[in-house]
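Written below as structure tokens is the structure these notes are about.
All chains are identified by letter, namely A, B, C and D, in their written order; residue positions are counted from 1 within each chain.
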Amino acid sequence: MTAALLVEDLHVADAKGTPLLRGASLQARPGVPLTVLGETGSGKSLVLLAVLGALPPGLQAQGRVALAGTEMLVAPPQARRRLWGRTVSVLPQEPFLALDPTMRALSQVAETYRLVRGFPRPRAQAEAEARLRELGLEGTGTRFPFQLSGGMAQRLALAILRAADTPVLLADEPTKGLDAPRRDEAARRLRDEAERGRAVVTVTHDVAVARALGGDVLILREGAVVEHGPAAQVLASPSHAYSRALLAAEPSRWTRPARPPSPSGPPVMEAVALRKSLGGRPLLREVSLTLRPGELVAVLGSSGSGKTTLGDLLLGLMRTDGGEVRRLPGVAPWRFTKLWQDPPAAFVPHQRLRQGLDVLSRRHGIPFARFGSGMERLGLAPALLDRLPAEISGGELQRFALLRALSLDPVFLFADEPTSRLDPLTQATVAPMLREAARSKGAAVLLVTHDPDLADALADRVLRLHEGRLASAGCHPGGPLGL
Amino acid sequence: MSGARGLGAALLLLLGGLALLGPSLLPDPALQDLRSALQPPGTTWWLGTDHLGRSVLARAAHALRFSLTLAATAVGIAVLLGTGLGLLAASLGGLADRALAALGDATLALPGLLLVMVVVAFAPGEILPLSGGVALAQWVHFFRVARAEARRVLALPHAEAARVLGFGPDYVLRRLVLPELRPILLTLVGFGLGTAVLQVAALSFVGVGVRPPTPELGSMTTELLPYLPEAPVQALVPAVLVAMLVLGFQLLSADEGQKP
Amino acid sequence: MILPRRALLAAPGLLAACGDGTAPSWPRIVAPGEFAGLDLSRAGHVLGRMGVVETLVGADEAGRPTPELAVSWAVSADHAEWRFRLRPGARFHDGTPVDATSVASALSHAAAGVSVLARAPLAGIAPDGEDVVVFRLHRPFAPLPAFLSHAGSGVLAPGSFGGSGRVDRVIGSGPFRVAQIHPPHRLLVARWEGWWGAAPRLPGALYLATGQGETRAVMVESGEAQIAIGLLPASLARLRRRVRVAVASVPTPRVRMLKLDAASPFFRDQRVREALSLALDREGIAGALLRDATLATDQLFPPALADWHDPSLGPSRQDLAGARALLEAAGWRPGPGGIRQDALGQRFAVELRTFTTWPELPAMATAIQAQLREAGIAVSVSIGSSSDIPRGHRDGRLQMGLFTRQFGLVPDPLGTVLSDYGQAGGDWGAMNWHSEELLALAASLGTTPDRSARRRIGTILREERPVIPIASSTLAVAATPRLRGLRLDPFELRFHLQELDWPA
Amino acid sequence: MMGVVRILLARLAQAGFVAVLVGTVGFALMHSLPGDPAFRIAAERYGPDMVDAAAAEAVRAELGLDGPVLPRLLRWLGRVITLNLGHSLVSGAPVLPELLDHLAHTAMLAAMALALALPLGLPLGVLAGLRPGGAVDRVVLLGAVLLRAVPPYALGLALMVVFALHLGWLPPAGFESPAAILLPALTLALGVAALGGRVARDAVMAVEASPFLRFARWKGLSEAAVVRRHGLRNASIPVVAVLGLQFAALLEGAVVVESLFSWPGLGHALVHAIFARDVPMVQGAALALGLGFVLLNALADALAALLDPRRARGTL
């Protein structure tokens, strides 16, 4: 069996000659999913673009990319483009953005049949309807993309790809922004495609996706392949140190926290029968919650379930529609604080970090030296102080955010998906830091996440927010029960 | 600095220099010599003379200074008023915000020139009502931008962060909103200055301008329009200067606006 | 989506009302005057010139009364009663006869409204039989025939007036009748076959009010219009060089002048008023702005008014030294910044009001400003509405005004002189100045046409200078050369369309 | 359809605000203006030769200009709702029919300007946007900036001199022959074309960089199909939105251009009414301009909603 896609010793460098991809080789075979696993900046997306023959102008590529007999690095643009939709198709990163916002779902599928495969209109229509049905999208043909949920948009994109029915299917971070159940569903559907006899190449940063897909796995780090082999083997017993670290960074493999002391003292934060509607839709129906000093409570919920709203209501960043929030009396408002999901967004973009800490120290009369010791504990080099937020990594920035929050002696910390935008390895360093730092200050932490493994790994108590109500989702072994 | 921006700066520098230095170096712009009316450009009068025998160059230099001052005053008022109300609306929110936005929408629906004309009719030929009128026509643009940008920034996590960290609204507006707003405002100011120059020129054209003998670019063109066939240079110079001023402002700000 | 479509459909319908019905072969006349309504106080100047409405009396080029709807007239021995005999056979455009009853009713209507007739000492207008109209006066008033030739004294048929006495439609008696009228821009007239005079050759004509002088010039140059009335001096010079356009001009009894408040501390002294006159370079102004230095004048009455104008007086030349000496003598000494001041330290700084209805006025004000500055007088120029001058006269705030005055408003300037230089001065004449001698002379003119008395009135005004004349006017007209029989009316009462021919 | 209703309601509210703003501010301003309205009106009615105190007094008596201000303002606001705008102080004729006539002329001029501007500006803008930084782009950008810098009256005059005087192709002014609309419309159109081209360029650039256009290419559609099915419609959404907003600028230009070309539209009427202190006419004209702007924006909204289903469903 010949490979549908063959990449040999692919090198890509930018205009200045900086290498971005250093000798990647891979082959994709029909029926066997291939997963390219790597962190941000590992060069995994470049592999896809090179395969498509759509590298941005200014990048130089060497090596060999053969797609169904066409040499993609040397073929003229027209020849490369002729393969699109016929030999190769792409499942885009965020399907919602990749669908034409002004065209109905069915037309977006049917036009592939009509214009790419040359079917007459009635047949194209019928085929398109069949594809929608296959993917559970019956009845949505007349909808526009914005009327579809994230999962439906992805299925619609898949329907379009099925219509093209190309031998090679590329998927670019297909689970970006999806929560665990939808991530697993997306992976399952890609595996289905492979089982239909297509060569499926998936690029992702998520080990769970690689595991769900099976097939072959290729681990990429800083433009070089560190490990390559069948998923079962690579994910079970990785040979390379980086691969091992990557796998160990999965929250499910973390060492569990030591049994916390029973929380004592008056509640820091109490919510009684909170209600909140957004845009006319009831989001929180009746939520009650008590947090005591030193405990870390995780609230699990899918996107849009209202978990961030809950935290913001507790902090007073939003007004409640009903119910009551009781805070520990006599405590300055800034000692109830927050960590944001997207670290760069939580810093003033034009302010160097030193400046930001400086205004903070002046506002609250904190000696600047205190930040120095804190940075040391959080593993932040002093040189970072003179950078702009955009110039340091997300992990470093989130640690600065933690530093900033802790310097105010918080009694309550609302951590809103604090590690979801971080690479797995970084998450594995930052998340425990959050737990330890909060515990050392005796602050209560409300951790909001969509990742049950992360919640399990960090929290003393795990609650699930579903349809506007909180329910216990089990608890850490040995941890205190109840609400 | 890109080519366009450089060209814009050079144009404005040239015109600004003429406006700044011209009046002290050139003859009195009100000095008339009726027997030398409509002289073509030459060694005595570099840009010729107008219908009253006045030096077009001297008048142009004064007119430039006048136009620049007036446009700057008008846009200054508009920026202060518009930005102030915009920030106020965005930070107050609720009913006050909606009322101000509705006022802005209603103002926007009226042609700017109409507003200026109504205000100027108060005191024909006075400079302050003229700049006030232009400001009245322009504030709403600054208001809309300031309000939208302030709302955007105030909803960002870093503004929320500042509030959570104990900073007051004053700090948030000054340190977080204004720096983001500044480049957009600068672009808008550039276009606003150009528009102000054009609006005053247009007002002069319909007969609501400044008092004689104040040289003003719009009224200079209007006065010389009947003489276009016999004195084309003199009649075109003010119009060209208006175009160059506006062009300079636009080039300077267009580039600013394209920055990421 | 229903509303916009309906709005779009409605638009062409509205346009049809004013776009259709223009025969392309009818000449188009562009002139500055817009008309704000249908009644003669607003539209008389257009309806009269277009030959729609006629008056009892016309005027020849010299301003002498000529028969029109009246064939003859006479005044009683005590000068208290005028009798006008109507033209037999004259008919209104609706076919009704122009009889004494309808004339008396129309003119009574005019005299009760805003019109020159309202300024005549009328006691009553009544028909006497079918064909005689009798005007009874409070006191002798020689210029009555001239007043009756003004456009506002036109004769409209009784059918013109609606229930409330407002003019609903225009039914005149002239050689042309209204085909379409759309204030304030457009009047289309068609030949009226029932006219008493020789039938006009033109089947009709179109009047278009066009405010901008340059636009009028360009329209006639490009053939878009056949006659352009009132050309700017600058356009005139250019049009004269064109073959496609014939240019004609005629002196008119219109004078540009400065009005001074003779009661103000600045202009109380007659020497100061004289100094102002000496400081002005009239020939410079006329040459540069009017393109004709010979229009410069310091007489109130232009050459067009032969009975009043004194040709023996030469043009007035600028005499700055003389002006300065007079100002010194009147107590105005040089002060800081070259501006004179009086013994109390009052600066000689005054406001000059003018307006843009005549485009040359602002430029002229600017020239005057510069020239008076040479004599040490600071003038600020305020450009507003023409009404600023009568209003300033009434509330006493006017210091100087620059305007043009039509002495042939009625072809006999006596009426204008009486209203402008009477006991209380006049809105468009003297302010806080009067002369007993002039009043006596004017009163005597109510009964006797005396040329020397008229000249003497001119001399008094020239010596005492309640106003300072600057330049007289010409009426310039451009027309396509194919148009034959064009005759200019210095009094701007008629276009004489009935004498025009425009062979294809 | 909820979205469309919401858009229309918002526009209706804007229209209401415009009416109240114009009514109140216009009324207050005109009544605190220096100068006696009776004199101004008399000057406009009877011409400067006949203006005198007697005429002004007659006007004052006829129109009752001395009444208390507040009741008059309230009465006017009340009448506006029934589309009764009162009578012109100058001509004595009802304001509404006169306004409609002017409005029709201005609407025709604006429509013609658009009809000239769009075929001129949009294709150039699209070409420029397809190759940003290319020769067409540079020329179009420069042309657009230059055109927007030249004062409209100077542009109009230049066109008049070139096309009417030197070439003799078009009538220079007036509103008699159908061709007379071309020059004023062209004067306005050049400015709109410059702006439209610029907006089209940016829109094309944005669509060109959008993930959905890339996906459309990756689907295997030919370039022509990509542009036709996915490019044009999406790029036209911002163009429609911005052009709707820019109508205010077009109407503003109309004031000057109508004066220059003697086009009997709203702008021309407005200038006259302001000079004459004809309060009902000023208010009527300002109201017509303001409501016209709101109506056009509503049309632009509706068009955008047709093009962009997100708007129609109220999610944007």
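Assume a contact is a pair of C-beta atoms (placed from the backbone, for glycine too) under 8 Å apart; a residue touches a chain by one contact, two chains touch by 3 or more.
Molecules present, by chain and UniProt name: A = ATP-binding cassette domain-containing protein; B, D = ABC transporter permease; C = ABC transporter substrate-binding protein.
Keep in mind that what you see is a predicted model, and the values were worked out from it rather than measured.
Trainee: What are the chains that subunit B and subunit C both touch?
Mentor: D
Trainee: So which one's got more C-beta contacts, A-B or B-D?
Mentor: B-D
Trainee: Measuring between mean CA coordinates, which chain is farthest from subunit B?
Mentor: A
Trainee: What chain lies closest to the overall centre, CA atoms only?
Mentor: Central chain: D.
Trainee: Need the CA-centroid distance for the pair subunit A / subunit C, whole Å please.
Mentor: 85
Trainee: Suppose each chain is reduced to the average of its Cα coordinates; what separation in Å results between subunit A and subunit B?
Mentor: 49
Trainee: So what's the Cα centroid distance for subunit B and subunit D, whole Å?
Mentor: A distance of 21 Å separates the two centres.
Trainee: Nearest whole angstrom, what separates the Cα centre of subunit C from the Cα centre of subunit D?
Mentor: That gives a centre separation of 37 Å.
Trainee: Spell out, as numbers or ranges, the residues of subunit C touching 2 or more other chains.
Mentor: 384
Trainee: Could you say which residues in subunit A touch two or more other chains, in rising order?
Mentor: none
Trainee: What are the residue numbers in subunit B that touch two or more other chains?
Mentor: 207, 225, 228
Trainee: Sort out which chains touch which and give me every pair.
Mentor: After working through each pair, the chains in contact turn out to be A-B, A-D, B-C, B-D, C-D.
Trainee: Give the list of subunit D residues in touch with subunit A in this complex.
Mentor: My answer: residues 210-212, 214-222, 225, 229-230, 233-234, 237, 307-310, 313, 315.
Trainee: Enumerate the contact residues on subunit D facing subunit B in the complex.
Mentor: 13-14, 17-18, 20-22, 25-26, 29-30, 32-34, 145-146, 148-154, 157, 161, 248, 251-252, 255-256, 259-260, 267, 270-271, 274-275, 282, 286, 289-291, 293-294, 297
Trainee: In their shared complex, at which residues does subunit B touch subunit D?
Mentor: Touching subunit D: residues 102-103, 105-114, 117-119, 121-123, 194, 198, 201-202, 205-207, 218, 221-222, 225, 228, 236, 239, 242-247, 250-251, 254 of subunit B.
Trainee: Going by the contact rule at the top, pick out the subunit A residues touching subunit D in the complex.
Mentor: 52, 54, 81, 84-86, 89-90, 92-94, 97-103, 111-112, 115-116, 144, 146-147, 157, 160, 164
Trainee: Write out the stretch or stretches of subunit C touching subunit B in their complex.
Mentor: Per the touch definition, subunit C meets subunit B at residues 213-214, 232-235, 237-238, 281, 284-285, 287-289, 356, 359, 362-363, 365-367, 369-371, 373, 380-384.
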